[in-house]
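Each of the next two complexes has chain A plus one other chain: chain B in the first, chain C in the second.
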Partner chain A sequence: MTDNSAVTKQAASSRSDTALLPPVDVIEDTNGITLCADLPGVPKDRLGLQIEADTLTIEGEVTLTIPEGMESSHAEVSLPRYRRVFTLSKELDTEKVGAEFNQGVLKLRIPKAAHAQPRKIEVRPA
Partner chain B sequence: MKLETLKENLGGFWDNLAEGWRHLRQSAGEALTRFHPGEKTNMPVRAEVDDDAYLPSMGWSMLGGDMFEDDKRLVVRLEVPGMEKEDLDIQIHDGTLLVSGEKRFERESSEGRWRVMQRAYGSFRRAVPLRVPVKADQARASYRNGVLRVELPKREPGAAKVVSINVR
Partner chain C sequence: MLYRSLFPRDLFADLDRLQGEIQRNLEISPSIRGLTRGFPAMNVGSTPKSVEIYAFAPGIAPESLEVQVERGVLTVAGERQPDPLPEKATAHIDERFAGRFRRVVTLPDDVDTTAVEARYRDGVLHITVPRKEAAQPQRIAIQ
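Right after this comes the complex of A and B.
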């Protein structure tokens, strides 16, 4: 472990407009999709979720501030932002998105629109 | 799901991918951590997953870590999202902080197909060498927002000793 904090800080400031891609899992069932994303270090109030037309944007800001008087001696986490953009299909109902955020994991539930869900048609004798 | 159901913005994807590699090479020497799924991990089988990159037998994840210090203490932080506190094991051994744990796969229902699987599950282990001797019995740990923080009081207050070695 080497002391390269000065170098890291400098590099971080020049990369302020870039972001890290959070890993995701996506499961689809008959009623919708569930998306889980790893965003460690992001507090709830720095998480940004946006749906505009068919575009879903997940953004998070890492707030790992070093307490005053402490000196960084090693840093692997130098990008302070996460960002990932998805395009949602029309069969998903973006009005009814549910979100949970717990221990750095974002869980989104996006249901399919009623017309896209399978319907059971009962056949009755006439 | 047709490909259109959840399509990633392609331009953004390549930008991010390139950035990811740059980040990896520049600052993540130690962060890439291997995960070993075991029987208890409860991973879906290959047939339930459509992601071509998915391997049920292993996974990799970036667990970013950093360390900072003042006169009295060393603080180590490690990003391990989505854990239960009880599943984290922290030990101090021979001047090294050992963090291990098991991340279980949560399955809410038996129906559905996994379209994308990028998060890692299973057991992992990280060893963080400590720069100075610490009082292991006074160490304190907390877990918040998916980040583990371990605070270790130094045995001898002061900055790390610098040893000069002459080159002959």
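Right after this comes the complex of A and C.
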């Protein structure tokens, strides 16, 4: 999320376009949430991540090396775009989101805010 | 008065077509291997010089992918390791594929299976199977 303006522009222009829903895994542990998404065919510079208020948007544009004059005869990835939107809950700290993108797999780590983390309360004998 | 058309539409054929359309739209395939078409998703295209196959298999080490051609059938197989679930963690959504996979594609007769090329980039395995020289369109000079 370095170049936010480009991401926003891209998101605004493509919002009305149809897109594929990428499969995700969402795993919650005591300190936060890990989200993994499959976005095969998306190079790093075509991935768009955006957090606006409590909405997380994942977008990606599929870029394949297609030889000239190729005619498609069978397509299961039938659109060149992925998009998925999530609503984040309040206890998540959107300032400290970490993202990794490797061979088409996006891994997001969204920690819980400090006040929402579990604390152990010591019980002392009176 | 009601006329019976000379060429009435075949109602059952219409219903069949409708059912087919609904199934395609909802992607309900009556396959024995489940509702989805399987992992990895594949796109296939062709040019006069080659057959291009794209297998969408993200997050796999390229060396664990097996691409095999045998008697005109191309097989893509491998394994995607599941991420271990940390202790005391809850999986809220679990949609991504994990485990062993295998998909086969029947190649046309005019391909040269000795010169198959496979590349893995951005989670997509791109396989190029060239067509035989003799099968490529040739312009014949008129004397």
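Points to keep in mind about this one:
FYI, the second predicted complex is superposed on the first by the 95 of 126 C-alpha atoms of A that agree within 3 Å, B and C clash if a C-alpha of one lies under 4 Å from a C-alpha of the other, contacts with A are read in each partner's own complex, and residues count from 1 in each chain.
As a convention for this text, a residue touches a chain if its C-beta (ideal position, glycine included) is under 8 Å from a C-beta of that chain, and two chains touch if they have at least 3 such contacts.
From a predicted model like this one, the values you see are computed outputs, not experimental measurements.
By the touch criterion defined above, A:55 reaches chain B but does not reach chain C. Shared-chain residue A:88: touches chain B; no touch with chain C.
Touch criterion not met for A:97: it reaches neither chain B nor chain C. In the superposition on chain A, A:75 makes contact with both chain B and chain C.
Once the two complexes are overlaid on the shared chain, A:19 sits against chain B while remaining clear of chain C. In the superposed model, more residues of chain A are touched by B than by the other of chain B and chain C.
The interface of chain A with chain B overlaps its interface with chain C at residues 23-30, 36, 38-43, 64, 66-67, 69-77, 102-105. Residues 37, 40-50, 52, 54, 56-60, 83, 85-86, 88-97, 120-124, 126, 128 of chain C touch chain A in their complex.
Residue ranges of chain B in contact with chain A, taken from their complex: 1-2, 4-9, 12-13, 16-17, 19-20, 23, 26-31, 61, 64-70, 75, 77, 79-83, 108-109, 111-120, 129, 131, 143-147, 160.
Interface of chain A with chain C (complex): residues 23-30, 36, 38-43, 63-77, 102-105.
Within the complex formed with chain B, the chain A residues making contact are 1, 8, 11, 18-21, 23-30, 33-36, 38-43, 55, 64, 66-67, 69-79, 83-89, 91-92, 102-105.
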